[in-house]
Amino acid sequence: MSSVLDEPMKNPYLPYKAEIVEIRDEVKGIRPIKTFKIRLIGRERFDYKSGQGCLVSVFGRGESWFTIANSPTRPDLEFSVLKTGKVTTKLHEMEVGDVVGIRGPLGRGFPLEEWKGMNIITIGGGIGQTPLRSIYQYVIDNEKDYGDLTIIYGARTSRDLCYRDELFQLKEQGFNVELSIDNPEPDWPYFVGFVPDNLKRIKPDPENTIAITCGPPIMIKITLRVLKDLGFKEEQIYTTLERRMKCGIGKCGKCKLESIYVCRDGPVFRYDELSRLLEEA
Amino acid sequence: MNSEILEKIKEECRKLPDDVSYIVGFVRKQGEPREILRVLRPGEIDRLSYSPLSSSNPSRIVMDLAKSGKVAVIAKGCDVRTLKQLEKEEKIKRERVYIIGVSCPGVIDYRKFRNAVKFRLSEIESVELVGDDVIVKANGNEQRIPFNELIFENCLYCEQPTPKDCDVLIGEPREGRTDFSDIEEFEKLDREERWKYWMDVFSKCIRCHACREVCPICYCEECLVDPSNLAVSPMTPAEEKAAYPRVLGKTVSASDNMVYHLMRVLHHAGRCAGCGECERACPMELPLLKLERKLKKVVYEVFNYSPDEEIPFLSKLDILPEV
Amino acid sequence: MKVYNGNFLKDVVAKLLEDGYRVYAPVREKNYHVFKIVESVDEVSFDYVNTKKSPKDVTFPQNEVLIKYGDWVEEIPARVDKTAIVGIRPCDIQGLKLMDSVFLEDITDPYYEAKRKNLLVVGYACNEAGDYCFCTSVGLSPFRSDYADILVTDLGEKQVVEILSEKGKIIASELNLSDASEEDISRKRELERKVLSSFVRSVNTENLKERMAQAFNSDYWKEVAMNCVSCGACTYLCPTCFCFDIFDDGELKGVRVRTWDSCQFPLHTLESSSHNPRREKWQRLRNRFYDKFYYMLVRKGEFYCVGCGRCIAACPVGIDIADVISNIPSEVKQ
Amino acid sequence: MFDPKIITFACNWCSYAGADLAGTSRLKYPDNVRIIRVMCSGMVNPGWVLRAFRQGADGVVIAGCHPGDCHYTVGNYYAKKRYILLKELMKFVGFDDERFKLLWASASEGKLFAEEMTAFTEKIREMGPQEKLRRKIE
């Protein structure tokens, strides 16, 4: 009996059918990361904003939230998946052509329209680079609307750097890309140390600038302090929060942070929205 | 009667060895005659209370506190047996616990009490056990109820009302008895009647896990059935998390609830002291002790294992029947 | 305001059964009452203060199959037929209203809506407060509700029937009601005064928001949670606890089931990176109190506790929400 | 004709080898028996037995070495203890405990293994499908 429940648009729990068209190995080793390029089957891609995410569904295992890694100006949907649990392990075993479920776009994206004409700085750590990649791809594709772009990104070791070749390519094209790794390695020409220290070294000018930071909770905490010291006002800083996400539509209560549903009112937040919380986010 | 016991308890608490940093005892709840377990400092002895409604088993709290300091505990017969079992499983060091044993005539089932008492719970001032009657006093008048109408059913089959290995004993010793007549009665039913009975019981279970969380010997961080926590660390490899042996998830039905309870009870073989916390905690008032007592009957009769043995039941392999 | 000679509640159950409704009504189970689907009127019993479990599982069942899957989505079962709940207390009706505002606003939950829009709600005003009731402290009344279709007050040999919605009018018209006389109304007022005086518990909610904002990092919450065992009894009985989990049962072929979940279970917020925003039991317990008296007040403008007292009765270690909220320290003990 | 599903946990050193021997010496036993190889019968968790019944198995057998020849000396004693406890509880709650069987079969007893499996399958076929613990939410 087909009812309102049968169409994905009407039933927010029903995933779109989609297939994997390309798999790229970003990082190998014990914490492998793969980027999946996924195309909806029999349906146009929904439009979305950078920073929004999808719940990728593997029937029999469950669903996991991944921020969309590519900008809306680029084709299909890309998700970078760190192998860490039930769903992600199954995803890492999948090949091109396998079918997955996609529920999205979910959450609130970055307000890129408001940022027109301003400089953009992305500060990423480890797998946190995914939403930032969506931003700088969008900024690059609309270069004339924005000021200059700075990409600050760091990881544990050079092997853990996500989107490494793409970032080196951007560096050659003249973009201001500042990479860093935590401990020294033989042929590593760039900065060695944590991302917030790299940020202190670069000392970006807060005038007419938006800073977006994403990564492990500790890195975000220190980065926010460094940005405040550099003179950034709270309205100029954006970040994303990591929570357990299940329904993705602000109902199940797993992602609740005080009165905020991170999956519905986030995961993107302007810093002043978080500073009023009782608990330190 | 129990006001004398309370005086003796307080007296003992004043003579505690000075290295005792916590006292685990009962405190009367505000607004109703219920007795709540509380961790008190040696200075707060006058907050202590004791009545036939002091039914909870303090072993769970003692197990946590004994890790960081010496604990004095006011314990009944079944509580001491649980402490002994936890000591057998090296979860508690005996020298870390100072046991004030109280010989127990049986506790009141609060549900029966609430149905039988004619006052509002907030009006009740005291509940005294005098001889075979419970005297309930409330704003001036008094109600006298026979104790055997209020007694917690499990206490009728108590094996050890007097704590065995305790530092000081209050009240004169009482004899326990091993009696499985209720289980034998139930086993007379034929298979389909038994199945129908348990299906009716487990169709009411809402899987709130109160029975598992209050049980002093159900201390695993992660359970095989419907876990409410997973023992995960940042170093746990992804394959291990992906391959968790999941016997039962969150699906709820009479048969799934039965799998949940069978697995929970199976792990109590030879360990359960019969304190009755699970049945008291169950919001849907299910007869959970029936399963535990059946398993205890099997452990005693088929394996003839006695709980006072030093070696835990699971590691004793020379008691297997020949069949 | 109408009046019905005899037992309107029982007769309306019979009527609804005739009209093919699926009727939830209170049924006595040994020691307590529970809402159950009844086949005939004689199963029903209305002499209760409140049911053991809240009636939230009428519209939000403990297990609900969202999707049956095989090689892809096989089927989405959504049975939609006329249902009615008879004998629901005003505090549980408020619970229903609070649940509706989460499930039906912003993004509508179709499974919930399929059940909710076909539900007829026949409320039953209280004759006497229970040992743990404190609904008047959270701004509710034991004998008024604007969210039911019909509200019935029992005067003994007759029952006052207030029709509050179109749906209610259609059903009520099939039973012969007469207008309430002055004497009926004064008897109802008299009963209402008696009920109000029978409350023994209350919660001090005066400048609660500031007190809670200040007390968030106080050690008070560690003391309150000292005995807590993090079981789910309070949340599973609570009419305004509707957190849920979605669980796939079956590797290649199976069902994606929505099931109740509790913020008291660590697994509720455990991330696969093993980070857990509420790892300690006192954080989880504090979260339950703050969610009902602070967070949802900030978000939805209403207390998300209806004062039914079920969690006080069911707590195995005697944690009492009324005492805990009333005794929140005003200045923070650091 | 009802085709039962039998799950057998066969210990790697004795029963699994016994099953192999039955196969190599062309002894027939019904193919409804699905064998899961475990390193020792003592490793079989009673939860897996209940999970098998929940997933729709009609019969479950734990096959291990005879008491005394266990490769890990005491594995089969643990298996026997758990078997007795679970079987007693099953009887108590009214589940058909004949569907749950413990079998000692050493590596050389291929014939015994085949006969036991055939007899057990026939008995389960008579008893019919197992509906009691099967998961109800389909």
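Quick notes on this structure:
Order of writing sets the labels: A, B, C and D. Residues in every chain begin at 1.
The definition used in the following text is that a residue touches a chain if its C-beta (ideal position, glycine included) is under 8 Å from a C-beta of that chain, and two chains touch if they have at least 3 such contacts.
For clarity, every value in this text was computed on a predicted model and none was experimentally measured.
Set against the C-alpha centre of chain C, every other chain centre is closer than that of D. Ranking B-C and C-D by contacting C-beta pairs places B-C first. A straight line joining the Cα centres of chain B and chain C is 31 Å long. As a whole-number value, the distance joining the C-alpha centres of chain A and chain D reads 50 Å.
Multi-chain contact residues, meaning those touching two or more other chains, occur in chain D at positions 135, 137. In chain A, the residues touching two or more other chains are 84-86, 88.
Residues of chain C in contact with at least two other chains: 63, 245, 247, 249, 257, 261, 270, 272-273. The list of touching chain pairs reads A-B, A-C, B-C, B-D, C-D.
Residues of chain C touching chain B in their complex: 29-32, 34, 52-53, 62-63, 131, 200-201, 226-227, 229-233, 235-237, 245, 247, 249, 257, 259-262, 265-267, 270, 272-274, 314, 316-318, 320, 323. The part of chain B that touches chain C in the complex is made up of residues 29-32, 34, 36-39, 56, 60-61, 111, 114-115, 120-122, 204, 206-210, 212-214, 227-230, 232-234, 236, 241, 249-253, 277, 280-281, 283-285.
Touching chain C in their complex are the following residues of chain A: 1, 3-6, 10-15, 17, 59-64, 84-86, 88, 99, 217, 242-244, 246-247, 249-254, 256-259, 264, 278-279. By the touch rule above, chain B contacts chain D in their complex via residues 186-187, 191-198, 224-225, 245, 247-248, 251, 253-256, 258-259, 262-263, 265-266, 269, 291, 294-295, 298, 302-303, 314, 317, 320-321. By the touch criterion stated above, chain C contacts chain D in their complex at residues 63, 65, 68, 249, 255, 257.
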